[in-house]
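Following this message is one structure expressed as structure tokens.
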Amino acid sequence: MGRLTRPADPVLFQLLYEPQLASDRRNVLPYLLRIDAAHVVMLAGRGLLALETARALLAVNEELRRRLDADEAVLPAPATHRGLYFLYEQEYVERLGPQVGGAAHLARSRNDINATVARMRLRDQLLDLLADCCELLETMAATAGEHLETTMCGFTHEQPAQPTTLAHYLTGVLSELTRSVDWLDQAYAAVDCCPMGAAAGFGTSFPVDREEVARLLGFRRVVDNSADAVASRDYAVRVLSALAAIGVCLTRLATDLQAWAGPAHGFVGWPDDLVSTSSIMPQKRNPFVLENVRGLSTEAAAALVKLLLGLKNTPFGNSVEVSLEALSSLWPALEAGSKAVRLTRLLLDRLQAFPGRMAAFLEGTQATMTAVADMLVSRHALAFRTAHDAVGRLARETQGSASAAELRAALEPILERLTGRRTTLDEAELRHCLDARACVQAAAHGGGPSPSAVQDQLRSLARRHHRLRERLRVRRARATEAEKRLRDVAAEIRDVRFQGL
Amino acid sequence: MGRLTRPADPVLFQLLYEPQLASDRRNVLPYLLRIDAAHVVMLAGRGLLALETARALLAVNEELRRRLDADEAVLPAPATHRGLYFLYEQEYVERLGPQVGGAAHLARSRNDINATVARMRLRDQLLDLLADCCELLETMAATAGEHLETTMCGFTHEQPAQPTTLAHYLTGVLSELTRSVDWLDQAYAAVDCCPMGAAAGFGTSFPVDREEVARLLGFRRVVDNSADAVASRDYAVRVLSALAAIGVCLTRLATDLQAWAGPAHGFVGWPDDLVSTSSIMPQKRNPFVLENVRGLSTEAAAALVKLLLGLKNTPFGNSVEVSLEALSSLWPALEAGSKAVRLTRLLLDRLQAFPGRMAAFLEGTQATMTAVADMLVSRHALAFRTAHDAVGRLARETQGSASAAELRAALEPILERLTGRRTTLDEAELRHCLDARACVQAAAHGGGPSPSAVQDQLRSLARRHHRLRERLRVRRARATEAEKRLRDVAAEIRDVRFQGL
Amino acid sequence: MGRLTRPADPVLFQLLYEPQLASDRRNVLPYLLRIDAAHVVMLAGRGLLALETARALLAVNEELRRRLDADEAVLPAPATHRGLYFLYEQEYVERLGPQVGGAAHLARSRNDINATVARMRLRDQLLDLLADCCELLETMAATAGEHLETTMCGFTHEQPAQPTTLAHYLTGVLSELTRSVDWLDQAYAAVDCCPMGAAAGFGTSFPVDREEVARLLGFRRVVDNSADAVASRDYAVRVLSALAAIGVCLTRLATDLQAWAGPAHGFVGWPDDLVSTSSIMPQKRNPFVLENVRGLSTEAAAALVKLLLGLKNTPFGNSVEVSLEALSSLWPALEAGSKAVRLTRLLLDRLQAFPGRMAAFLEGTQATMTAVADMLVSRHALAFRTAHDAVGRLARETQGSASAAELRAALEPILERLTGRRTTLDEAELRHCLDARACVQAAAHGGGPSPSAVQDQLRSLARRHHRLRERLRVRRARATEAEKRLRDVAAEIRDVRFQGL
Amino acid sequence: MGRLTRPADPVLFQLLYEPQLASDRRNVLPYLLRIDAAHVVMLAGRGLLALETARALLAVNEELRRRLDADEAVLPAPATHRGLYFLYEQEYVERLGPQVGGAAHLARSRNDINATVARMRLRDQLLDLLADCCELLETMAATAGEHLETTMCGFTHEQPAQPTTLAHYLTGVLSELTRSVDWLDQAYAAVDCCPMGAAAGFGTSFPVDREEVARLLGFRRVVDNSADAVASRDYAVRVLSALAAIGVCLTRLATDLQAWAGPAHGFVGWPDDLVSTSSIMPQKRNPFVLENVRGLSTEAAAALVKLLLGLKNTPFGNSVEVSLEALSSLWPALEAGSKAVRLTRLLLDRLQAFPGRMAAFLEGTQATMTAVADMLVSRHALAFRTAHDAVGRLARETQGSASAAELRAALEPILERLTGRRTTLDEAELRHCLDARACVQAAAHGGGPSPSAVQDQLRSLARRHHRLRERLRVRRARATEAEKRLRDVAAEIRDVRFQGL
């Protein structure tokens, strides 16, 4: 650093470099080691670095990696410093002298390295997150599958609407979640491109082979333009958008489940190991995990705001604002999102449904009135609006618990008033309309809750879940193989030395 | 509305129904007419509506459409009402009597209709927005193509970094924008699914043909699950996320252009019809449109926050909060986004570049020092870090305007101090390093600004732009054809009548 | 505009100037007229403008104002233009010739005028909004006052917690809302400062009297520093923050009311003119206005994001991005916020409470178990944790509907097991603990629901509401008087002319 | 916890309880100890706890506090648990037996304790943050005071506008920052209220003295209503809003400073210990800290979004979503905000201004053209618009570097063309207009940059800074004294024992 004559100001050191180093050792160094190894292997392959030099560098690299894996101390920090990267370089210079230890740094920069570390780190976290998501989707599908016939009151505007099943509700939520997880999966592809070779953002005059570096690091492709490579973080917008969409959907599911877990509904519940009690109210069984889910689920949205705020009005080029600050909320948001997903999975897996409470609740709700109106259309040829109007009056004049006979007695005069002619209703037919389970069976069209229709939806979703799993498997395999290959290639180069002796 | 005995409270009418109706006439009614026609055609086709009834309904529908297209008054609003949909129904009942006029309303609900209107409206706006985006991408590519050799100082941290070209910079931005427009284009597919048939969110017992309705409305597919159909708005999250990503990228481009348009840089400018002056400062030429772009570009991000806030902790089912309120910022954000895109296109199309100012600026910046360090590596076998260190000292000790001879005189002693041996530098070689145009030509690797490398990038982007255009063309055609087909089928049914007489 | 040789590009005209003019005629022109009049009056008073000139200018000003008030056309727009301000100036020049018509424009700029218009417009809207808020607070207090004894189940984690009253709950919400309205009221003071005199942001060499202009426009004080005057919009951050806080509190109130309005609880409801029914489900009575409230309440938060995004990384000086774009969401957010406040007021004013349903619900909830534990502490000297533990077991082993006798029979053995000694419980005392109304009466400490305690809280809040009202009255009076005074002073100057003749 | 029969599920333990405990030991336990002590002291004072019991409890409390202060291990966590609070209680029971160890828990709940901890923790952090802010304001005022005569080009729309001084610019920013810090200071008062006594949110039947608890904990007042006490977090909205306002203002300052630190302007700079170089570009001196400032400054805005999202549609009562999750981003945002404030202070403190570069830049900018127009008004009685028009043409026809003689030669014919009469300009006067320093001296009105005007502004700001400091001092003193008093009172109670023996 010949350009500067003084170390960092102590305040900078305390507020920026020191806390950053602690985090970088954990989150950056493992990737830096791999990137450095890949770069050296490539340079050697292109003749840009003497084989002897490459060997020496890779040996140090390998040793550092081993120590890091073994949780041993590496890169001791002096009383003041300018961050991990310069400590890392310094280590090589100290061990190998400036001519060998300082040789690897051509055709690269902290800019492309930082950009690459961020993508590798995100890639790893996304693989875990996507696996969590797959678990959630599969568990949700299984839970739905168990409740195809679990008849429940459906709601709109938080008022009883029409009979449905727990399966139908869950499959609706699952449909949205599956789309959003697919979306997150597509975002993975946007992450999976390698910026190495871009150097400071202006490429290099050294004839590097960036495709080779990309392959050694397990990337599917390179980022074509070097300005794009260091300046853009649109992949993070994609990831956080998809995660925010997943999150907001989970808050909706949790909101419904929490309402239904209250004693007023009593439709669902959880065993004692998933609820808490109160420090003051002895009777309490609180399904509090739903509240963690609701809270954790919003973090991606806020992190997205941080990212967009962070990128806004920045130059399109490398800057700390973009490469470090704008991404600062990404990492905790991924962790929060993963927790929300895993906790929801747990709650669905252990969900207790109480069909008796569901049936009892339906009794008093008039939720089958649409079926009565539909029957007036199909059996008595009324226009739907007329039928609806008549049944609306009926609903006003009777109780939710009225019997078919009572309803008939009330409805016939209403119909006469409205249509000017007498209509004789069939009490058995009316009773059938009032039967929530029969309504559910009948609702076989337009994506309704009829068990067979829902089963079809679940089958179609299962195929999508399977494809997600398969893509995930392939990606993991590619990442693992690349890591192995890099070690093998590096080992080969290192071993030449001993053969050579 | 037999259930309710009183009209809306006057405050509700004033704050909600009345302003909403004004907007709905413009934005909802055209789609409602098409949805209604498609529903009636389908019902008639499935035998759920007598042909005679369908004819009468479609005739009114056709007349309303014609009047609307001709900007004539339709659906006169009484002193109080409950919104467009009930006025719409009322119109049919008044014209055709309750038995015919009220017949179409089976197997549907405001819930699935609203959900369908929102998607159709968004689909139309997206087609326009995507066309605007294609224009922007193509104009940007053309502008970049004109400046492959326009050598300019590249910046990192807003400090001179290395020589680049205007084309390289623009191609970097274009690469990100192309990805984000692709992303927006994918979001279109998420929008393009039809919720009709879901009714209130619980499907229907009438054997409707929702695939037919979807086809008649130009949708690619139906939404499988009826709860999903009325409850989810994830497609809007996708659209706004992609638009927010485009927007934030435009703020970065505008930030750079505005900095470069200042007299301190003077790299670019615009003619008088694209700048403004001041009401007080007579000398002013303000490229103010860049500030509109920066401002308009942020609206999608804020609308996304509105949407996520709007969806958070809502029941997964139909509600006004989701179907109306959560989307309220979507529409103005699409308009703002479209303006930002079109204004940016205009600014790029009319951009004046001043290569002389660019070259003059480069002179004093030491932006070619990396080339000097690279040369020390490749010609004098220094380790890069040593070379970098030496040139750093050189940069400290000399001016940006120093000649090759002066630099040689300064650098040789530095090298000797650092390496302990004498290095003799070739002045011509050094002069070549200091030549920004030569640096640009040399930066042919890692996605650098060498003209031929950038041209390759532009070719690859042009292929993507072509594919975008092609998809857009197909989508527009599908929408247009569906609209035509619906009119034809409806006309056929209406015409049967006259044949029948 | 001698600097520029060409009119605005047609695209600029179509996308920016034309739509802006339509809005500016309504929202800017009335304020521009007042500012212009005050500026001319001040210039004349300081001898910076000949009285004759001032007279002529004020006569045109007065005429324009009258026409605007009478809804007559003013400032006809030519086929192309550069916005309202230049049209406004042009009108004077055309009427009075350049020497008189162009005379008022010294020591001012669009920059300080725009900054002043925004504050005046916001001031007016805030006065209305604060009046709406006062109505809400007073209505809420009145509703609470009617329900001091309306015993209800209190909830935590959406599970029954302890007995409370509707009044206690509402007073809790009211306490927060009162603070936030106070906060909004403080934000008014931040708005109420006059930027005039700052000109383009660098003050002026003309010896203007900016305090006089401020007084004539009804401002409490001037903005000291001219850069601050044109660059800062922190007052808008304050207004939107306070409104966002009010909004999010309203979503919480609406969430509770909507849950309690469902048939599962049935605690509250509204008459037919405040609910809607369904187009398909005849039985429906949806309290949908709560959903509008929830949705409208989030708009301020999103507008705040827009504002912060809009300001981020802008130069601290005048720019379109700051003066126009950053504020673009402020205006619709104020309207949405006002609607949310007024609709909530309406819902509280017309709220129907059903104490019978509340009491019935409490029966089965074990919400009085804390009282049992408290009794064990105060009467039987148990440590609270032991008492809590014992009653927790009791709650597990018995039903919510268990009688005092049953509970005694179950609790005594539990106590013996836990403490190792026999405890004899008093059944009457136990019955008293189980009486929710008695629990409420007893909860007289720590801000609990005891009616007299809540009444005290309401009295204290009423004093704060009264002070708010009083401040509002004073502010309105100041604004009205300033407007009148400006007219009087301007009329005096105009009249001199006729006297002079 | 008699209600529950099973420990927490291992997944809950791993994802929620375990990581939370690690954080709670550091951030919650110190406050819990104080709250517990104050509660016990109050209970003893009211006769609700035997003195003997209070003594024993306070002795354990004191020992735990000492161990915590000494960084010794406390509250060993078993293999599974339900969080810090229950571990804390358990510790007392284990040491003192259930009858004494479990005695303190009456008339309180985790709900009011959590609410109190959050406010105490925030109070402490705000005191530090406010002290940082005061430092920033004072440093900024000092830096401004040093540059009252440092003449600089002022900008609007990033184009040269009029001459100003560095002091004038900084004082503008300082004016806004001072308001926002005042606002943050007011938010402190909102935080400084004590929720203890609210228990679960429904108060208590035990005759507690909550004012005494508040005093012992250093709070200025209690929260009146117990529902409000546990449910509301509006104080956090206030704090984050004010911090977001400060943050966005800092991004604007940093944006300007970074532009001016580029070689194109070269107005300002920093010594080597505040800049960084590049790992690839040897010439680099990057003022990168400005980018950290810009990034860190946005975190409060994003945390505010998290908070508002977290609160939206939650019941107004205690929940994990509100008490824990909604606040989760508050704490890191306070830290980021503090860093941004301290780094900005450092940069201002060490700012190097280069008046020579500033003057040279002004030369070519025509930034004095407004002065020319003003002169035409005041000396030649032109209407301002005419003068502006003439000088606009002049600016078009001449260079920024034109001499007074050249301008005169160009301007006289323009004036003749425009006004139809000859005007003879005074060259000396014109030269005076072109003198940027003279312009600055003249700009003594409307808050302009004239040194004496700016000095007045700085004096007025200094008084506000002094008041801020004074309030801060009083608050710190109150907090310190309360902590001391609580220890004294607790010690007195503990000591009675030994006296009693």
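For clarity, chains are labelled A, B, C and D in written order, and residue numbers in each chain start from 1.
Criterion: contacts are C-beta pairs under 8 Å (C-beta built on N, C-alpha and C of every residue); 3 or more make two chains touch, one makes a residue touch a chain.
Please read these numbers as outputs of a predicted model, since none were measured by experiment.
**Student:** Count the C-beta pairs in contact for C-D and for B-D, then report the pair with the higher count.
**Tutor:** By number of C-beta pairs in contact, C-D is the larger.
**Student:** Starting from the mean Cα coordinates of chain B and chain C, work out the distance between those two points in Å.
**Tutor:** Whole-Å distance between the two chain centres: 33.
**Student:** Centroid from C-alpha atoms only, then distance chain C to chain D, rounded to Å. What do you get?
**Tutor:** 24
**Student:** What whole-Å value do you get for the distance between chain B and chain D if each is reduced to the mean of its CA atoms?
**Tutor:** The mean C-alpha positions of chain B and chain D differ by 36 Å.
**Student:** Residues of chain A that contact two or more other chains, please.
**Tutor:** In chain A, the residues touching two or more other chains are 1-5, 89, 105, 111, 155-158, 161-162, 199-200, 255, 259, 277-285, 288, 291, 294, 298, 301, 305, 308-309, 312-314, 319-320, 370, 388-392, 394-395.
**Student:** Looking at which chains touch which, would you call it a line, ring, star, complete or other?
**Tutor:** Shape = complete; every chain linked to every other.
**Student:** Chain C touches which residues of chain A in the complex?
**Tutor:** 155-162, 258-259, 261-265, 277-288, 291, 305, 308-309, 312-314, 361, 364-367, 369-370, 372-373, 387-392, 394-395, 400
**Student:** What does chain A use to touch chain D in their complex?
**Tutor:** Touch residues, chain A against chain D: 1-9, 11-12, 15-16, 82, 85-86, 89, 105, 108-111, 199-200, 255, 271-285, 288-289, 291-292, 294-296, 298-299, 301-303, 305-306, 309-310, 313-314, 319-321, 324-326, 328-329, 332, 336, 339, 342-343, 346, 350.
**Student:** Flag every residue of chain B that touches chain A in the complex, lowest number first.
**Tutor:** 1-5, 89, 93, 98-107, 111-112, 154-158, 161-164, 168-169, 171-173, 175-176, 179-180, 183, 186, 190, 196-208, 210, 222-232, 234, 237-238, 241, 244-245, 248-249, 251-256, 259, 294, 298, 301, 304-305, 308, 311-320, 370-371, 374, 377-378, 382-386, 388-396, 439, 442-450, 453-454, 457, 460
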